[in-house]
Each structure stands twice: as structure tokens, then as C-alpha cells.
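As written, the chain order gives the labels A, B, C and D, with residue 1 at the start of each chain.
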Amino acid sequence: MPYPTNPADIIGAWVGAFLTLAIYSYILYKETRVYRLAEYIYVGIAFAVSLTISVQQIWNQIIVRILGGQYIYIIGVILGLMLLTLPFKSIRWISRYPVIFLMGLGFGVTIRGALTANIVGQIRGSITPPGATATMLDWFNFAWICLGTLLIISYFTFTVEHTGWYYYPTKLGRYILLLGLGAYYGNTVQFRMTMLAGRVQYLLQVFKIIPWP
Amino acid sequence: MGMSVLRRPEVFMFISGLVMGLTLFGYFFNVPPVIDTVNWLQTFAVHISYFATWLGFLTAARIHITNIQRKTPGIWYFSIIMFIFALVPFFAALPEITKPSVTTMIYTWPFNWVYTPLGAALYATTGFYIFSAAYRAFRARSFEAAVLLIAGCLVMLGNAPIGELIWSQIPTINEWLQLTGQTPAMRALNITAALGVVYFGLRVVLGAEKRVITLGAGGG
Amino acid sequence: MNQLFVEQILFTGRGSSLVILILLIAFFFIGLQLAKMGRPPKMRRLPALDAIDEAIGRCAEMGKPALFTPGITGGLYTEQGPQMVSSITILGYIAEGCAKYDVPLIIDMAAGDAIPLMDETLRLAYLKQGKPEKYDPKMINYYPGQSPMVTGILGHLQRLRPAAFFMLGGLYYESVVIGEAANMVGSMNIGGTVNTHQLPFIIATCDYVLIGEEFYAASTYLSKDPYQIATIAGEDWIKFILIALSLLGFILEPLGIKVISNFLRW
Amino acid sequence: MGESQSIWVKLGAVDKRILYWILFISLAIPYIRPIGLPVSIAETSYALYNFIEKLGPNDVVVMAIEFGVSAWSECLPGFVAVSKHLVMRGVKIIYWCVGYTDCDLTMEAVMARIPQLKGPGQPAGPGDYKYGVDWVYMGYIAGGETTVAQLADDIRQVLRADKYGTPIDQIPLFQNVRNAKDIKIVIDSTTGDYGDYYVRQWRIRYGTAVAEIGIAMNYSTFMAYYQAGLAVGALKGIRGAAEYEKLIGQLGEATTSLDALNVSHLLVIIAIIMANLSYVMTRRRGGG
């Protein structure tokens, strides 16, 4: 992708850079009309994009199939249209049907994933001992992961007071939890900074300070 | 009057319970009709989500129209701008929706030069905020905060190649923290959240969760 | 014969999940039954939820609005759906408080299919406080996507300067952005999510947090209903069973006795 | 003494906007004047490299673009490096995207960086990847995890045609590809939970290998899968990408971006040290 050559794209690159700076003016200065302009333009275009994609999908995934004789696809349209009754006072209750259907499905999908991947899978992972060639460190890690997990779980109990002897495992669990979250935070910094650096690079490229890739 | 039956909470409970039950049944048991039904339900759910975008637009449009009607100071002309940027590209793209991709410049230009760079710009704002949040939160106020701080700093030093130059053991510690040190936290959070969602789901479909299931009791 | 039928019909690798699910359901009802027999358990304090009233009181005192967001979350039918539902149940509680003290409430969200659920919950909350006329559907600000929602929240934060900011739901990258931006306008932040990848940020940017499972238990806690709390006790029992199971595995597996892992693989 | 105390107090309560300006400006420096520091290679990057080394022209893999243009700086270099490696091995590639609507731009960017990938209708010389035979691009597919699950069950249930409208049954590459069992590995690059989705729906249900070219923060969640044997490898964001560029012997964008990473991490750590110094000093004096 060389530096754009046709006028529309050159203007585009500069508009993009200007709006990027408009968004950053919120952070580097404060909320102004310049930021607000960028905000509303962005929300507008995001609507254009999401509405267009929605119509594209309705056409390609549903209408084409119905026209092709697969009439079962009409159910999705009916449920979708039921959702759109919300703004109309007298028939508003109809919109609850698709919502309640989606909710039930969401719970079903989440629970089945939770049981196998998050409960069974994770426990299986914790109790799998290191292989025959394991070093002392491997055994320490095994103990750390398995016992650490259990200590943190003990911290999450709701109906057992964290007092008496039970105070110690929960407290230790909390420390291990915080260690994990701290490590996670540190890890995230890398990604976030790369993103920001990428934007700085983009601005430098548009302003022709460094070459376009 | 006959319609009021359709608004009873029990009906809603029954539907959500049935859908949830079918989904779970199809997951555990190899009964093809149930599995097929669940697949269809999932397809319809995706289809409903296309329409949900429109509900969102109607909801937002109502706010922006009110802004314009009432001439809300400092906002109303921006609401007009919002509508222009939403509707002009949309209607320009509309004739092309049957094609594999939209080619009109009125749609692709704002998509490529406004939507895309601004999305990236916003995502990147996290860089600024993660910086100042670390500055604020990573203070050794207590032993707990110190644990958070030290783990975070060691990982950060390990991620940047510069850490290796400061102390050759940093990558080893970094790797231990990521492969082992933080695993109990992620495991335990996953396990407990999984238990939580099962119980939350049961409470909702069994009607114990009053704030969800009284759907319908609020009147027409 | 019977054995064979089970093997044909039950997917391999999912048997242990099914046993756990059945246990969970059983404990759910046992907890409920015990509560009915007059032994309701007590739930430990969740400071984040106790702080909701304080936050709304702060808004009322300062004459400023409260801002709520469930984050991007995603559709109700996805794995993020239950978080949206939980978020909305907490919103119901917050809205009741706001209605009571006439605190303006603004909601920024991006999941279209949750709008009817939200609308209904808010309507009900205002009705409960005897102020149905105060409910305005225009409280719900929908944005077509995550980043547009972030611009909207950032704009609202500095334009309205809320005294309380709630971010409760399936948060993604927005958590650190909106949390820090809210800090800068001096609002009181209450956050909660199940998404582990955002927990460090809500801890860093919020005054009070709901972590993982606590987030799903929130509405039960807020309801103060002994029967609902009774079901939470079942959650704890299964935790102890899992802890025992893991400890047993921790001891037996290295000795080559693979009972537990074989069960889990079933 | 009053003077020095006020410095510590100020240090602890710097206007954040000053921090933002410092960060914004210092990130520009490495792009204008690159520094270049050596990197060591992580186990998970090796693991993915070794897995792909064993693949050949009869294997079909899925490269899932589950990141938006907004995450190019973190995900794209790794995605390109792995794609290059697949092309070097002659492996057949299906590109698709369930996560982000702007994936067409990402695909264009990948094609611009790998000249061997020839678009539909473009002439393909020896060593080039002919569209439809050696690789194919399916475009954006809506629906999140549900769709990921359906794709695993039956690709044709979800997709009728590729991005350019060619029906799936007329694409040679899809002749023997029906569901997850026909795919050797899904290499997914995500900023969100898509790694989890592919593990849950493809690895657990069908046993298809899964690897992730993730953002750094997903790496740790994905590690749990790697250790549990549910994933064959992972690249850790831009750093993983730089490692992979080193492994395949083609240094590129990721290697340059690492400098910016160094600068920013150093800044964050300096800020944390400052904040802690200020905290300790003010507390010592304040507490008497």
C-alpha cells in the first residue's frame, strides 16, 4: 500500500488523521466541540455500517433462502419483526417473546460451555500431574496451580464467613488471585501500547514524516 | 382479554426454560431431532440479531430527533450531522446489498477513511488510560497492592526486550508468571463464574429472579 | 443392554458435566428446601452492592446524574448474554434508587436485543417507586458498536459530569478507558464483570468491584430474599465438593490412580 | 523541607494529561529513529512453528481473522508471518472472519504483504497461490460463537459462497472440506474471546488443532489451553510476531514495532516508580 495517489484517498487520509486527533483532544485536553463533532460523525457512520450489514445479512442469509423455497427461514424474520414492536405502546409486549427466547438460548449455550470447558476442563487441567521426566520445578508448578486454584475458590464462597481457621485459606487465595491479576495487567500493557504506537505511526505516515509501508 | 394470557410471567418462564433445557439436552444426548432443533434456534437467534440493529437505530433516532426538535443547546446540530452520516451512506449502499460487496464511494470512502481509522484510534486510547491507571493503582499501599504491583512490573519488564538487558532472569520470571503464576487465578475465576452462571440461569428460568421474570407484570 | 443404550445416546466426554449439572440442580432445590424448613443461610457482605445506595445518595446530594453502562457485552443469545441479564437486574435496583431520589439516570449500551429487557426493567422500577411518569425510554442510549459506545460514554462523562458511574456487564477494552475517564470527572465508580481479562482494570479504576461469580450473585444479594440466598448456599456446597475432588486427584493422580481424571474424561 | 515535600506531593498527583503528552510524543521517537534490540523466542511460538513445519500441500487450514483494523498493529504482523510460513509450506488456506465487519481491509492488507497470494482472476505463476485452488477468502460471517459452532458442524450450512460470490461447491479447495474434521488446524487471531470459541467448538467437539495469534493479554488465557493440551501454540502479540519473523527468517514490521514497545514499557515503569516514591515519601513525612 503506497501513499494514496488519487485525490479522494489523499483527502481521506488527512480526514482520518484529523478526526483521530479530534478524538485524542479529549484525552490530551478536554471535551470540546471538535471532539463532539468526531463523536457524532463516528456514531453516524457506525450506524450506516451496521444498518447496511444488517440489510445485507437479512438479504443473503434469509430472503435469498426463502425465495429459494426454504420457508422455515421465515421464522427468523417473524421473531425479528416482533422485536421491533417495542416502540409501539399497545403491542410493546410482543417484543418480550424474542427477547425471552434469546435469553433462554444464551443461558443454555453458556451453561453447556461452562460445565465442560470451565468446570470439568479446568479441574482436569489442574490435577494432571507432570510426566515421568518432571523436575522439582514441574512438581512445584503442579502444586502451585492445583492448590492455588482451590485456595482462590475458597475465597469465593458466599455463605461461609471468612473467619476462624477459614480466614487463612481465603486470605492466601486472595493473594494468589491478585498476583494473577497483576501479571495479567502487566501483560495487557503490551497490547495496548502497541495499538497506540500503531496510531502514532499512522499519523506520522499521513503527515509524511515517515514513509507509508 | 384473551391476549392477556400471552403476557403472563409463567409463559415467559416456560419459553426460556424450554429453550435452555433443549439446548442442554442436545448437548448431552445424541438425539438428532433435538440437536437439529437447537441448531435452528441458534440460526434464528442470529437472524433476530440483524433486526436488533434496527431496534437500536429506532431507539437512538428517537433521542436525536428530540434533540433536534427541542434544539438542545450544544447538541442539536450534531444530531443532524449524525443523521446525515448515518443515512446518506446507508441509502447509497442500499441498491448494492445483493452484491458480494458494496462499491459506491459514498459508502466505502467514509468506511475506509473515517470508520476504520476512528475505530483504531479509540481502541488505542486504552494505551493512554492503562498508563495513568497504572500510575494511580500500582502503589504499594498494602501488602495486597504490592503483590499486584510487583507481578505487574515483572511481566511488563519481561514483555519488553529491554527487560532482558536489565536482568537476564527477567524473561524466566515473566514466563513463570504467565505460564504458571497466574494460572490459578484464571482457573478459579473460570470455575466459580461457571458455577455462578448455572445457578443464575436456574434462578431465572425457575422464576426466583424477580427482576427478570416479572416481565409482563409491568402492564401493557 | 441398558448400559449400551446409555453409551449410544450420551456423548462421550460430557458425562461428568452432566453429573455435575444434576448435582447443581439437586443442591439448588435442597438449599431451597432447607430455607423453607427455617434454616436460611446468611450471605457474606458484597461491599460493591452496598455502595450502590451510597453512590445514588451522592448523586442526589450533588444534584448530578448517574451513568450506567453494561459495556459492549454482545447479544443475549451469546455466552455474554447471562452477564447482560445480570447487569439488567442490577440496573433495576439502581433505577429504583434513582427514581426514589429523583436522580437522572443515563444508560449507554450497544446490544440491540437487550433493549426490550432493559426498557421493561426500568419501567417496572419507576412504577415500583410510584413514579411511572418519570420513566423516559430516551434514557437508553444505543450505540452501534463498541467504539461508538466508548465515544458516547466519554462524551457523556465530561458533558454531564455524573457523580456515580456504574460499569456492570460483559466489559471488553472499554473498561479501562471509561473507568479512567470517569475517575477524571470525579465520579464514584462501581464496576463488575465476569470477563477475567478486564478484572485487573476494573480493580484499578473502580472504587468498588464485583468479581466473576459475585457478579451473577448480585441480584440475589440485592433482593435480600432468604429463598434466593438459599440457592446460593448450594453453590458453595458444590465448591467444597469440587475442592475435595481436586484434592483427591492431586494426591491420587501422581500415584497413578486415575479415578478422578477418568471420571472427568467420561 | 516544605519545598521538597511539595515536590513529592506534586509527583504523586501529576495532571494525567501531562503523562499522556509525554507518552504520545515518546512513542513517535522509535519510528523516526529505530533502536533495534535482540529478542528471545518463547516456547509457544516454537510450538506453532513446529506444527506448521509438519504440514504439507495436502492439508487445509483455517486462518480466522477475528480482529479489526483497529488491532492491526498488534495482530497483523503475526498473522502475516504465519501466513507466509503456510505459503512457504504450500499448505491450503481458508481465510474467514466471524468477529469483525472490516475484515476485507485486513485481507487486502495481508495480500499486499504476501505477493504470492493471487486474487481471483489474477494469473498465478509457479510458487504462487492460485485463488480457489490454494487459498480462498470467505469474507465476514455474522453470529459470534453460534456461527463458530455451526461452521464446525457443517461449513455449507453457514456459507453458500465465498466473498466474491462463487458458490462453495464450485470452489476446488472445498471439494473434500465439509466440517471441522477436514481442517488440520484453525489459526485464529483475535482481540476478544474467539480463541475460546474455537477451542470450545472446534477443539473440544471435533479435536481440530487450534492455535492463536493473539493480543498479549489473551495470551495468558490461551496459556491455560496450551497447558491443558487444547491448543498447539500461540503467538503473543507483536512480540510473538517478531519472534515468528525471526523463526521464518523474514524480519518485518513486528521487529520495528518492538522499539515502541520498549519505550512505552519503560515509561510505564518510570511512572509507577515515581508514583510509589511519591507515596512513600509523602506518607513518611505526613505520618511523622
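Following the convention adopted for this analysis, contacts are C-beta pairs under 8 Å (C-beta built on N, C-alpha and C of every residue); 3 or more make two chains touch, one makes a residue touch a chain.
Because the structure is a prediction, the values reported are computed rather than measured.
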Chain whose Cα centroid lies nearest the overall Cα centroid: A
Chain located farthest away, centre of subunit D as origin (C-alpha): C
Whole-Å separation of chain centres (CA-atom averages), subunit A against subunit C: 16
Geometric centre distance via CA averages, subunit C-subunit B, whole Å: 13
Inter-centroid spacing, subunit B versus subunit A (mean Cα positions, whole Å): 5
Distance between chain centroids, defined by C-alpha means - subunit B, subunit D (Å): 20
Multi-chain contact residues (two or more partners), subunit D: 16, 20, 23-24, 70-72, 142, 145-146, 204, 216-217, 219-221, 224, 227, 236, 239, 261, 264-265, 268
Residues of subunit C whose C-beta touches two or more other chains: 13-14, 17-18, 21, 75, 77-79, 82, 85, 113, 115-117, 120, 137, 143-144, 147, 151, 159, 173, 176, 180, 196-197, 199-201, 203-204, 212-214, 217, 232, 235, 239, 242
Contacts with 2+ other chains: residues of subunit A: 23-24, 27, 36, 38-39, 42-43, 46-47, 49-51, 53, 57, 60-61, 83, 86-87, 92, 95-96, 98, 102-103, 105, 107, 109-113, 115-116, 119, 122-126, 128, 147, 149-150, 153, 156, 181-185, 187-190, 192-193, 195-199
Partner subunit C, residues of subunit A touching it in the complex: 23, 26, 30-31, 35-36, 38-39, 42-43, 46-47, 49-51, 83, 86-87, 92, 95-96, 98-99, 102-103, 105-107, 109-113, 115-116, 119-120, 123-124, 126-129, 142-143, 146-147, 149-150, 153-154, 156-162, 181-182, 184-185, 188, 192
Residue ranges of subunit C touching subunit D (in the complex, touch as defined): 13, 74-75, 77-79, 147, 172-173, 180, 184, 196-197
Subunit D - residues contacting subunit A, complex: 17, 20-21, 23-24, 27-28, 30-32, 70-74, 101, 109, 112, 140, 142, 145-146, 160, 196, 199-200, 204, 215-217, 219-220, 224, 227-228, 230, 236-239, 253, 257, 260-261, 264-265, 268
Contact footprint of subunit B on subunit A as seen in their complex: 8-9, 11-13, 15-17, 19-20, 23-24, 27, 33, 36-62, 72-73, 75-77, 79-81, 83-84, 86-87, 89-90, 92-93, 95-98, 100-105, 107-112, 114-115, 118-119, 122-123, 125-126, 141, 144-145, 147-153, 155-156, 173-190, 192-193, 195-199, 202
Subunit C residues touching subunit A - in the complex, by the definition given at the top: 13-14, 16-18, 20-21, 41-44, 75-82, 84-85, 113-117, 119-120, 137, 143-145, 147-148, 151-152, 154-155, 158-159, 176, 196-197, 199-201, 203-204, 212-214, 217, 229, 232-233, 235-236, 239, 242-243, 245-247, 249-250, 253-254, 260-261, 264-265
